[in-house]
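Next come two complexes built around chain A: one with chain B, the other with chain C.
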Partner chain A sequence: MADTVKITIDDIEHEVPAGMNLIDAAKLCGVDIPVFCYHPKLGHDGNCRMCLVELGLPRKNRETGEMELAWFPKLETACTQKTCEGMAIRTTTERVTDARRAVLEFLLSSHPLDCPICDKGGECPLQNLTMAHGPGTSRMYWEDRMHLGKHVALGELIFLDQERCIHCARCIRFQEKIALDPVLGFDMRGRKQQIVTSSTPGFNSIFSGNTTDICPVGALTTADFRFNARPWEMVQVATICSHCPVGCNMSFDTRTDRLAGGRTTIRRVMPRQNEAVNEIWICDKGRFARHYMEHEERLTTPLVRKGGMLVEATWEEAIREVAAQLKAAGPNIGAVAGGRLSNEDLYALQKLIRGQGSGDLSAYLPNATGGEIAARFGVGVGTNLKYLGAGDAIVVVASDLHEEAPIWWLRAAAAARRGAELIVISGRETRLDVEASQSIRCAYGAEVATLNAMLGSLPKTAVKAGESLDGMAEAIVHAKEFTADAALKAAAKTIAGAGNAVIFVGSEGLTGEASRELAQASANLLAATGHVGRANNGLIIVWPSANGQGAADMGFDPGFGPGYQPVDKPGRSYGDIFAALADDVIKVLVIAGADPVYDDLTAEESIRKTKGFIVVQEMFLTETAKLADVVLPVQSAAECEGTYTSGERRVQRFYPAVEPLGESLPAWLITQRIGEVLGQGAPSVSAAVLLAEIGRNVPQYAGITCQTLAKVEEQFPDVGGEDLYYGGTSFQNVRGLGVQWPTLAEQVDAPLSVAPAQAGEVLEPADGEMIVVPVTLVYDTEALFFKTQLLHQRVPLPHIGLNPADAGRLDMVDGDLVSLTIDDHRVAAAAYLDERVPSGVVTIPRRLQTQGAPLFATTAPVVKLEKVEA
Partner chain B sequence: MIKEAFGKGVAILEGLGTVFKHVFEKPVTVQFPEEFKPFAERFKGRHELKRYENGLEKCIGCALCAAACPADAIWVEAEENTDEERYSPGERYAKTYEINMLRCIFCGYCEDACPTEAIVLEKHYELSFTDRRDAIYTKEMLLVPPPEGQEDTPRKVEPGSFDRSIPVMEDPK
Partner chain C sequence: MSLLERRKEDIERHLAKYPQKQSAVMPLLYIAQEEYGYITEEAMEEIASIVDTDVTQVRGIVGFYTMYYSQEKGKYLIQICTDLPCALRGAEAFSAKVCEALGIQPGETTDDGLFTVENVMCIGACDRAPVIQVNFKFYENMDMDSFNDLIEALRREHDAMQPYSHE
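Moving on, here comes the complex of A and B:
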């Protein structure tokens, strides 16, 4: 604590960090200064006047030349002050309490006082501060209060109550400073001042729900929670978001519901504070896309195909059937597991399949691989993107973070605004380019070459840090074969010179092999420049699903067993598994938590062709489940417990919030019951016991238990603690921050090595062909996500992104039907002209077209489809 | 001796006097259920959910009664009013309102907590059940019928006519 200063609060001297916001500093000293507009994440605005204090600063007496404390004649707002030596404030004098009372009387002059029906009532800063500091009565005329809209839709997700609004501008500032979607603003002045949205559709931001959390009154409410429950009635259950690899800490606020037959139901989803992961934010997908968990179409009994039809069966029957098929197939079995499964589910499944002698295990989507590289060169323990700023570098390669991992986008953009160098390397322009200090466009397929060229361009002095690593010399020699232009050289220099550097490794358009090479190339660059093995340095893989890292850790990779232990006989990759299935080499395929028939152009054909036996573990009768021989109903993440491993390798636990639906079981238990019939031993007693088993068998997870996952630390700034100023108790994290497991690079004398990253082929479209790139959208028609009616308006119509120049060449305008033919599959959708799509490339959103999309970038003939007359 | 006997005789006569006095008094027995006993002014019996004079429900589903209830006897679930289907003034109404009369201790805290004076402990006390489930009084059982000539809820109303949930307060005197 080198730079601390002494300040005096209410005649008591305290030592606090220098230059800190006075409100935060006072809070550190245990003095609460009430606020409405100030928020530690948003900074000061000074508009609510609630934080008025008496302020004194040291001043030189002109006569005596001595320093003395000079008090300001009027009260000052504490939120606009930074701590400095000798500063003194008084927060309890009569002037201050009078001022607070007056401010509250003024704020309440038009407030409707409909606390009994207000959704914020019970966790409302205005309510709490009025009770603590406010007047008992008002001197205003009741008739003079403004009568304004109580139900103004700012969009279909967020509603504004204009009467309750106290114009603190927290929502506006959040949208401008943090979400970077400046779609809210003030209209008019004085008493007529109102919040308005300027976008179409209204409040067009994927972070809109956060404004309701930070709103200090009940002015902003979500469509999801309007009049849904009172805050004190709900029980908060800690959970982890299962939609993307960020692993946001959330809580399900639950309550029993008569209308749901007395079941416990989830009433809302709130963020839990974890400064290292999501701070206090979550995206709207995480907040609202939870309705699948209680959807009426959920499967509640096992289904077994009899006479060509899927009919309801008992668990015993279904499990016996699956076990018999597995037994008959011997080692000719495989499994494809989606990244929504917990570590326990994945571990049990791989144990079942490997126990039968097969290594054909693939994670789904199969684009992202390289978990073993993340295990060696991933970001160090204690990494917090919040601490990246001036002098640091963040590289995002082959990923559209805004769509794939919204909170990482938010935090990367915030780091860039703090002064970090943000380098975006991708085939097309994305939203992050706006914030980037350097945008590098490379051809699809040339990502590895680009990173290699960057490494090759570095002078010997810049790569000194990685010299001693095994294989680094070869990697650098290999990298020198690639030529770097001035932009790449500059980018490489930035990374080499950065204090801290993090690379987000995406997989847009990449095959599994290519993304492994890309991770390797990223690791080489980081290791060479010394950016591995410590906090805030290393690579993060942007997995296409929540538990992609966990799936890789559990051995859902053809080349590795659990914990990246070598295997005797490598298994088949995703494509080979389906090819083998079509050829009836694989006789039983278990598909868990994945819907390849819907997402993948080619999987359906293999499944329809095969004589093999398809087992699907799912919550819904998905397109894949419809073709299965046995469908086993699994519990959603709200019903069972387990752990997810985020892209930053943080293992985090989620807890059961509601009762299981019907006869559904946790996926791991189903798998282990099948294993029991096959003689693999009795199922675990609980997911926690299974986690302990993982700890014994997966080296990285050694020591990770429910106890360590439940540890909490004090978060700074503490939002949602006892004081309730900032936005309700829901923010407080009491059920654990998770454990980030260390990389190999952090261990002393670890056998660490790098290898040259092999650049793949750049796609060369033939005449009449274009490069087709599957891209990920945050809102799509995925079976789970699309069950949330609330967000349907935000899901774009099926479209194919096309550069206007290409469209001109094809004689097309926006909205014309465009058709692609990929391996005899025709995909047609409306053309969406977008200048950000490079010429010669079409983008096709994954899980939006009913015909499916290719899994990897490919080339295909693109033609305009004449409108078919109905 | 005589004096003593005389004294006892007087005592007997006094006792008999009391007996005969009561013989000619009006009996206190109430012929329930044909007859009802008069209530004390502050008697707290079974609850009623009141309505406004225009027939709209006073209850806005705020669940403050449930929060105040020391016996956890009240269960409220709220929904949003629309002008097409209006139950109460303002945006919120009670979709579910239940009181478990076996749990209720008739303390009247719910009445105190109610911001719209919707729940009132009335004089009914005939609460007997043959099944514990029957002890749960639903909203239909608690809600009083609409006043003479007024339509029942839900009803369709002119947009904007009932957009405030809390009765208009007067200026502080």
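Moving on, here comes the complex of A and C:
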């Protein structure tokens, strides 16, 4: 079949892609066929009948033998048609307009027409299409209408107005086909038909908010936005989600408000279309977790410790104090920076610390590393997981993507359903295993060995693509020392034979060094089989925070300077920084956007013990800030501007949406003001100027400016444009798609090399001991996130995961309060028995405990696990 | 006792018939209805877990099909066809008399929990109208005399048996 076909729409011939959905094809030609149930992301359902058209197809005349156009006697649904040569439709005839009017009259037969108080009013396909095609008046009697529930809670997040619902099933289909949580359904039938959910908790899906975006009427609304503002009153401010490394494009829809004392406030968060990143979806964490930004406990003035107490101070006083301490400490300083900080914040901070002669810079959480390997072997420019399908391979190693990066989970699962081979390698079964074509269980700590064994099992012909690379011969010789069973051989063969291959490198159960080796092992496997240096091939690191890649790029990696440039003397690692702090070798430590005291028992001990000076840049008085000597209030991502670099190395810009709170300042500006006192030069005029400086000093960011980041191109499918039927006023991406910077592997004649990946030891706990594995949950009690009340019901209670067989041996039952002792620290929580936790392992969700849990003490054998007697 | 414990053999027989477990939802729902008289919340949850789907999907099927009952019914479910051919033979008047005799309205259950009356669509015995089904068993060419005899017989049958229990 030809790639394009000629079809005739309203007597005008168009050339369109063959086999494309007729609605989409017509839209490409500028012809709008109105729809309700059809959505390009969900496919056709044919239930609403709004897209009826006159349809003609070529047919052979039996008498003359010639081809002629035969029109169907009745109207056909355009959404169920695919384009083919010679197809003809009429969309403006009287029959068609009559049919549209009739369908709308039917849909409106019980619709309440409460548009003046409806959240959708103003961006509602039903409203738009009724204005365009509907009858002006109703023939229905009031008594004949169905009167149904107006505020039916499908859960605490999503509300259903049963009267407004037109039963298009978009929400049901989204949950079944895309979110893969089939928790919505129709109950009853005919006029009694209703959307219901029976899951516990109600509407149990972390993607539930998306159903309110695609709902073509005001039937589904979020608890966050309902009755909160009218769509046309709001200003859309482009932003980037700050909760995980996917880098979802979002918009803060803001309104300047009398009720908020004339301030501009965020009224809702909506996805912004970027087909290469998040398409048109975001998870509920990204959508709802914004409330911390306007929380009353936000810090509004600098705090300085005086007489043992943190008291309010002026900026001048606080900055002078910090600068004086830094000056006195000389090079004995360090910084720990969270991945919520922007590239500008991170660049300024490393510049300050390096400018004083220290290289002790650590990213937080420090157990995901390997940014430098991603800079060489990361996914190529133009990568779009949407294009992975049959013949391609996706490997996910040591990560629970559903919890750590929900939109990647969604897109990986979708690729698997399109036919891509999905190989999941991890210590425990996760939700992705259900979608996987191959699940490989390996012991925690044996991930590198597993990937090495896969590389080693490949025949010489399969690794031809990488043989010219420096170090590949040694890497393969090293890999041959590991033995592969049949499953690993099959997986390796799948990757070698795949058209495209992407590896998601996680860090579950790994230390910083181990995760670097895992990235190396992944890179070796991909490079050997020719899956690097081009689009849709390479590795993606599942960073534990939004800007983990950016932090590594800016030099928050002890081994490298900004842009992975070599340093004379490697800095201290995260663990060494806190050890040096405890020993008073490090005299000033700047902790920015990180809360180690809450997360990490060892760090807490060091901070309590040290005589050194602790500076915290934070939005809240976190557990760490409480122990600091100076606390500097920073602006939230909604108040300042900056850039994040996603796990796919896409640099994306966010814009200020609301006025800054109190005296808070952007983190980069605070840092640069300190630097100014130390003689490092005047602060930048703006974050944009600082981005230009990054472009000059970080080779990968050369050429990345606000102008290039703001470039947009047409997105397909177009659901945010001027049409009347997809609705939503926030989808359209007008403020930039970001720039993905190229890996070294994509550059001609670049000095590219690989190295053997060193497998760490697999811990073998002695009798009575167990291995502790911290795992990440999407909803936890992290200080910022937990300020958002709206999601509290979704945060699990503190618990540890335990295999039922181990529990039986220890005489524990589900829900027992147990305590575990790790390096003299006791953690108490309820035991959840879970068959997916391997025997001999205890999983501890990060940031779910009332007291510090071992964030970084991965694979530390538990000395004791005991039941707490009631 | 769970449905699986009560009717393991039947459930497995139905599961074995289909390439996908989900396809067995409807026969399993009938088993639940046989066991409990109607489809309980617990039964929906158990069936959802047996066929590995969300309980919402099971509820949707129960809601869609009128012959699955999500509310408790009397021991004897009397379904009176009032569709057109039966109506022409006096089924509507017959239904009114039946309700009067039992002292209930269509859709209600007698106080002793024995009889539920429902008016239903065509049950495919138009040539022998008026026609009723009692627990899906046909009784044709009905009038009040034959109906009263039937009720008497059912009361005797009930008294002769152990008291009905949903447990």
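Remarks
The rule we apply is simple: the second predicted complex is superposed on the first by the 852 of 870 C-alpha atoms of A that agree within 3 Å, B and C clash if a C-alpha of one lies under 4 Å from a C-alpha of the other, contacts with A are read in each partner's own complex, and residues count from 1 in each chain.
We adopt the following convention: a contact is a pair of C-beta atoms (placed from the backbone, for glycine too) under 8 Å apart; a residue touches a chain by one contact, two chains touch by 3 or more.
Quick caveat, the model's predicted, so the values are computed rather than measured.
By the touch criterion defined above, A:199 lies against chain C but remains apart from chain B after alignment on the C-alpha atoms of chain A. Applying the stated contact rule after C-alpha superposition, one finds that A:257 touches chain B and leaves chain C untouched.
Of the two partner chains, chain B is the only one touched by A:233; chain C is not.
Legend: residue contacts after superposition of the two complexes on their common chain; A:297 is shown touching neither chain B nor chain C. Legend: residue contacts after superposition of the two complexes on their common chain; A:117 is shown touching chain B, with no touch to chain C.
Partner contacting the larger number of chain A residues, of chain B and chain C: B.
Look at A:182: by the touch rule set out above, it reaches chain C but stays clear of chain B. Looking at the shared chain after the overlay, A:141 reaches chain B, while chain C stays out of its contact range. Those residues of chain A lying in contact with chain B across their complex are 112-114, 116-117, 121, 137-139, 141-143, 150-151, 226-230, 232-233, 257-259.
Considering their complex, residues 60-64, 66-67, 75, 77-80, 90-92, 95-96, 98, 115-116, 163-166, 168-172 of chain B touch chain A. Across the interface of their complex, chain C is touched by residues 181-189, 196-199 of chain A.
Residues 44, 53-60, 62-64 of chain C touch chain A in their complex.
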